[in-house]
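Below, each structure is written out as structure tokens.
The following pair of complexes shares a single chain, chain A, combined with chain B in the former and chain C in the latter.
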Partner chain A sequence: MARYAMVTDLRKCVGCQACTVACNSEWAVPTGFARTHVHPTGVAGTFPHLVSSFYIAQCNHCDHPACIEPCPTGATYQSADGIVHIDRDLCIGCGYCVEACPYDARYINPVIKKADKCDFCWPRVQKGLEPACVLTCTAHAKFFGDLEDQNSDVFKMVYEQGARRLETSEVSIGPNVYYLGKKEDVDLVFASFPPHRPRLLRAGEVWRRYLRPLVLGAIGATFLGQAIAFFHQLRVGEDEFEE
Partner chain B sequence: MATQPLPIAPVPLTVEQAEAMSQRQIKKHHVAIMLLHWFNAAVWLFELATGTALIASPYFRVMPYWYINMMTTLFGSRANMLHFHIAVGILWVVVFLVYGIFGFRTYLARQILGKEIALDRDDFRWLSIRALRILKKSDEPLPPQDSYNAGQKLFALLVYAMIPIIMITGLIMAFHLVSTAVVGWAVVLHFTAVGLVVSGLMIHVYMGAVFPEEKPAFFSMITGMVSELYAYRHHFKWWKEVKMQEEAWTHQFQGGSGSTGVASPPLGESAIPSVAPEKAEAKRGSPGMFRRIFRSPEYWPPYVAGVGLGLTLLATFVLMGQGLGASGAFTRYLVAILAWVAPHYTFHSSYWSNYIQPGQSPLIAFLTFEIFGAMLGGFVSGWLAGRLRITVDKGPRISRRTRYALAIAGGILTGYGARLARGCTSGLGLSGGAVLAFGAWVFMLGVFAAGFGGAWLMRRYWL
Partner chain C sequence: MRDKFTRREFFRRSTVAGTLATVSPSAGSAKPHPPGWRGDTRVATIATNCEMCFWRCGVLAEVANGKVLKLEGNPDHPLTHGRLCARGNAGPKLLYDPDRLKYPMLRVGERGQGRFKRISWDEALDFLAERLAELKQKYGPESVAIFPHGVAPAFFLTLMRAYGTHNMAEPAFAQCRGPREVGYALTFGQGLGSPEPVDLEETKLMVLIGTHIGENIFTSQITAFAEGLSRGAKLIVVDPRFSTAAAKADWWLPIRPGTDIALLLAWMHVLIGEDLYDKEYISKYAQGFTELAAHLKEFTPEWAEAITELPAAKIRATARAMAAAKPAVALHPGRHTTWYGNDTQRARAMAIVTALLGSWGRKGGIFLPTEIKTGKFALPAFPQPKRERADGAGTRYPLASEEQGVTNGLVDATVTGQPYPIKAWIVYGQNVLESIPQRPRTLEAISKLDLMVVVDVLPMEQIYYADLVLPEATYLERFDMPQIAQSAKQPYIAIRQPSIKPLYESKPGWWIAQQMAHRMGLEAYFPWKTPEEYLETLVRPLGVNMDVLLTKGAVAFPGRPYISDRLPEDGPLFPTQSGKIELYSPLLKQLGFDPLPRYTPIEEPPVGYFRLIYGRAPVHSFARSQNNAWLDALMDENVAWINEDAARDLRLSEGQKVILENQDGVRSLPIRVSITKGIRRDCLYMVHGFGHESRRLRLAYHRGASDTGLMTRVKVDPIMGGTGLRVNFVKVVTV
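So, the complex of A and B:
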């Protein structure tokens, strides 16, 4: 079974947003939203030791995705090859997954009113094509492949050249998008765009704290009550009622 | 004309009075209400079955994964299941909207919300006495009740409060209405409202289906009628209302010549005019028939049961492609347990491994479910006839312990024999016999011969 991953070589990325445009046009992403987007870090350091780089945001197809658990209908799921999919037929657009993602990789598509995000261009990959962003990258900075294939570019970059995952001590869920480059560039990107802890919508919080105990308590109490009544009935036996 | 006031609370009845009242039927539910009730029940059954299977998230999940997977397989895909859930839900909303709009003034607002389910002082007393009685702190008589008692009213209020929430949140989720934040709230409100109704629904179903004193209420949802005695004892205020209406009716159309003396025992001489005989006859009709057939404590004649069994067998051949059976199910239960406890042994046993296919539980078979259906059917039959009771069937001369020992010994012999013969009386004798399998007829001859001899040997234990 494959295990797909993507690597961005920060030494090559020029921040041209060609990947963003390719992705938007490939997947008809509405204006103002994006499945992938390039964020400049701005300039850091003191002259003459200045550093500047780009953060390429997209779904990381994490080993332990934070977005699956809160999805009420199971519309978000992970296939065995590691790709996190959204079943649009099942998605009801509640936004729990959007809040949960530590990388803010998801958005609610205002046209279909359902969650949407990068799926490593799965329909293209199935046909043997490269993801749109990889194919279009003007600087050949993006690579896509199978980490279990020892001859793949991504395998070499991750296991031999030391490409790194964007993780912190707080949020470590195994993202499968890696960054390769000079240490100070990668450090700057990671410091500028740290993942946040998975969040729960206020509604979900209220459910967890108040509503679920209420519902379970009510059901438990009535179940217990009628179980007692039923055993009482069995023990006493029935009188033929009033006839 | 009789003008004595009706009593404030039920007075004790003599046997004849109770007998006479139990024979008279009073109309409780309109046909439309009964249809709506069963439509609603069916909707709840389908929606709960699919809805709980749709909640797959580890965070919200209420049902085990095997149930979710089973339902998913049943519908082909989870998307199909969601579409079904939404379609049934919309049908439900439409039917209730029609009911709510056309019946709002005359029915919903005045009759139901304003009168039938509004709690009065008697209801609060009823609730507190009920609670105290459970705690064994009170033996006061329960205050008289309207056409719905306080418990039913509370459940109705809960349902009337929750149904709009369920409908609106359901529509919001189905069509992704308003905004993402609203859909997010709709999810948890939908679950909460359904959960609260379910907590009451369990009591509702239990009271209607199992609790002995409320059986007439259950049958009234099928026939529309309750006996006057039940109304008198359980819904006294409603009974009084019905009586007053009848009195007024009689007074108006028969010039007050209604009282014939037999009918109205609890009120002394003639406070309540009797229902005219032919009218009472017309009112009885179908419930009597239903009662005679299904509610009689006597067993049906064996010939009828035989024909029924034959038809059931035919139906399983047509529908399931195989006959009835019993021992096969137990073999499968055993294989499932064995495969769990000692998988290596089970998979390599030439006998047990026959029942195991890769990727499929040995429990996924018609027989393993049929057994539960048979139990349920037996339960319903016993319940309808009022035979439910924990009891040990045994001969008069033996102790319970002997009975248990004999049952276990006989069970072991039966199980062993069934595996020797590759089928029991159901699987081999009945199903095999029906398709004229030679082995089945030999087996049945053996069963009868051994049974004949065995019965004679064991007669002391039974007679």
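So, the complex of A and C:
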């Protein structure tokens, strides 16, 4: 079974945002939103020994996705090859998954009012095409492939050239988007854009532990109350009420 | 007369690598790829090329029901291999820009008011034909000047040559590549052309002098740059600003602006002084070495340190690194090179360093163009204009290109009436208020005109001054002259063909020119009915299958990029007057200029002022793309980069809106401050193309500030007429 991954080579990337626009165009992402973002780090260091780089952000298709559990309808799911999908028929646009993602990779599409994010261009990949961002990348800095395939570019970059993934001791859910580059550049990118603690997990937990029991309880209580009132009314009769 | 001959000879030879001459327009029939699918929609795929900038990357347009659904890079394109930048991907948002010019318009109010009435194409073309006939009779055909830009005006240029004027000028020369083309042609006998033949992919060392690859995006150049780096090439970046490229560099040299020639002379001094140059190459191919060596004696790295503010040790180290990598050194000649008015001499210095390293015509250096011999129509000869060119090409500016002209020369002639009055401007795809500096002077020139015509896709600010506005079809709706890319490593021919029919009442350039020709009795210059017919004639001698060309979009031919590949039919290696690389330029000497480059100090900013420098952002093209919704979403305004120490002194905070005021008291629109370590404290940087003044550009209007608006001063290069633009100073005014 394949295990898909994306690698961005920061030595090559110039932050041109071709990936962002190609993706927007491919998936009709509403203007002002994106499934893949380019964030410059700004300039660090001491003149003239300066460092700057780019963070290319997208869905990480994590080994342990934080976005699945909080989904109340099961719209978000992961296929065996690691790709995290959204079933648009099931999505109700509640936004829990958006909150849950430590990488802010999701957004609510205001046109269809449903969650949306990168799916590694699965419909293209199925047809044998490269993901739109990989095809268009002017610097040929983005690589997509199967980590189970020892001949793939991504295998070599991850297991032989030391591409790294953006994790912290706090947030370690096995992202499958990797970054290759000079140590100082990758360090700067990672330090500038750390994943936040899964608001998503917390949101999910809140849903599961408190909100869902509360809502179910409330529904139950309503029924119960209705029933009590009904039987009470049967027993007491209507003439208790005054005009 | 003496100069005339040498000049013509010079240019006859120097344009080998240039783009097409005006005689060859294009065409082709829209033969779609076999249909594919986009989601559940069946789509036709049209192979064409991009015009979001002028690199012309290969594009596949996916079309259904007369609508372009997506643009994708064309994997079959020999140069760009399916890659497309942000702008290229955003092409549909130009096509479907609601602010597009939609129908011909005639001015009804005062110039500048922007009040028009809608007219028909017949009325518009009749009006123009009548006015041109009147002007010809009253003032002579040379009184009409055309300001073209890009590919679309090609047929219109033919029309105007047939009409009898040679007054045409585009900013690609005197505001952009001119000094480079002239400087390299003086040295090697030929310029570089576009796409630039720099072997970034195969090189061991790249040298960028002010060239900001990474912010300036030409797709295949980025690919080669990144590929070269990942193969282990070293990188030297000379730039007062910590650019995207500088962040990837092994050596970043934050040079004092305007002192590049001193650095280049010091590099030559080390290469020759330490005996590190390519002796065999120089003795075989070059002349003037003795004069050069003598000239360089005093230009030590220590001498240059005092001027450039770069440590002498670093100057030596970088020179030695170049020597170690020679001949595989890709010293990029730059593209926009009109900086300080001494720019041809700087280009000469860069060319000489290239020669000393033996990099011209060698793998990993600068490669050589390969000619593609296309078919031609037997057109009648153009009438010979009775008066000299008004822009000074060939006279005031002895080595200016007559093919591309000197825009500022035409503005001067229009203002002064010298050498004769210019009475009409036809502005075609060029934005004269954003591309030519000294806007007040340009407006003064326009006020003297009897007729100003603008042909464009979008309502840029200049239409407010136009008498007649003609809406042109976008590149996705028209045939254009094909690209004959002779300066690519693998030369190729690539076509532009319509993906859909022109929207609204917009019309393609070839149609406008053809219609005008019929009205002006010049149809003999347009001996073809359809653009397809035109294209067929053009490609006939190439043995290219038309169907393949129309489906694939481009066809490549074998190139002979290195000296070792050259055949006799390629002509002389160094088509200079001497047939050798001219380290010492007898032609410059003859014209009264320095035959060897020399450093002369430029004016420094007064206290409290920064030198205004400018450049590009990856998501925008000049002043053309700011109204594109997708690109606007990524960058809707420019910012002013200010050094953090300078910002602290001025008590500026990040993101604060300020106004910039230049040395002449001209003020910018408000612009946000970006405080950074990544710029020297003597300069201020902004991205060009913002601060639009046209209210009809609803997204771009008054977003950010215009650098061009602050360029009220220029330093003109006496050799070729280019306007040095980095000679303006600004101070920060808080609001």
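The definition used in the following text is that the second predicted complex is superposed on the first by the 199 of 243 C-alpha atoms of A that agree within 3 Å, B and C clash if a C-alpha of one lies under 4 Å from a C-alpha of the other, contacts with A are read in each partner's own complex, and residues count from 1 in each chain.
Just so it is clear, a contact is a pair of C-beta atoms (placed from the backbone, for glycine too) under 8 Å apart; a residue touches a chain by one contact, two chains touch by 3 or more.
Remember, predicted model here, so these are calculated numbers, not experimental data.
By the document's definition of touching, of the two partners only chain C reaches A:Glu26; chain B does not. Contact with chain C, but none with chain B, is seen for A:Leu135 once the two complexes are overlaid on the shared chain. Once the two complexes are laid over each other on the shared chain, residue contacts for A:Leu234 go to chain B alone; chain C is not touched.
In the superposition on chain A, A:Pro194 makes contact with neither chain B nor chain C. Considering their complex, residues 18, 22, 54-60, 77-79, 82-83, 173-174, 176, 180-181, 183-188, 191-192, 195-196, 198-200, 202-203, 206, 210-213, 215-216, 227, 229-230, 233, 297, 386, 388-390 of chain B touch chain A. The part of chain C that touches chain A in the complex is made up of residues 39, 70-73, 75, 82-90, 92, 213-215, 217, 219, 222-223, 225-227, 229-230, 242, 244-248, 252, 254, 618-619, 629-631, 633-634, 676-678. Contact residues of chain A toward chain C in the complex are 9, 11-18, 20-22, 24-26, 31-32, 42-48, 50-53, 123, 132, 135-141, 185. Residues of chain A that touch chain B in their complex: 68-74, 87, 89-90, 92-96, 98, 108, 113-114, 201, 203-204, 206-207, 211, 214-216, 218-219, 221-223, 225-226, 229-230, 233-235, 237-243.
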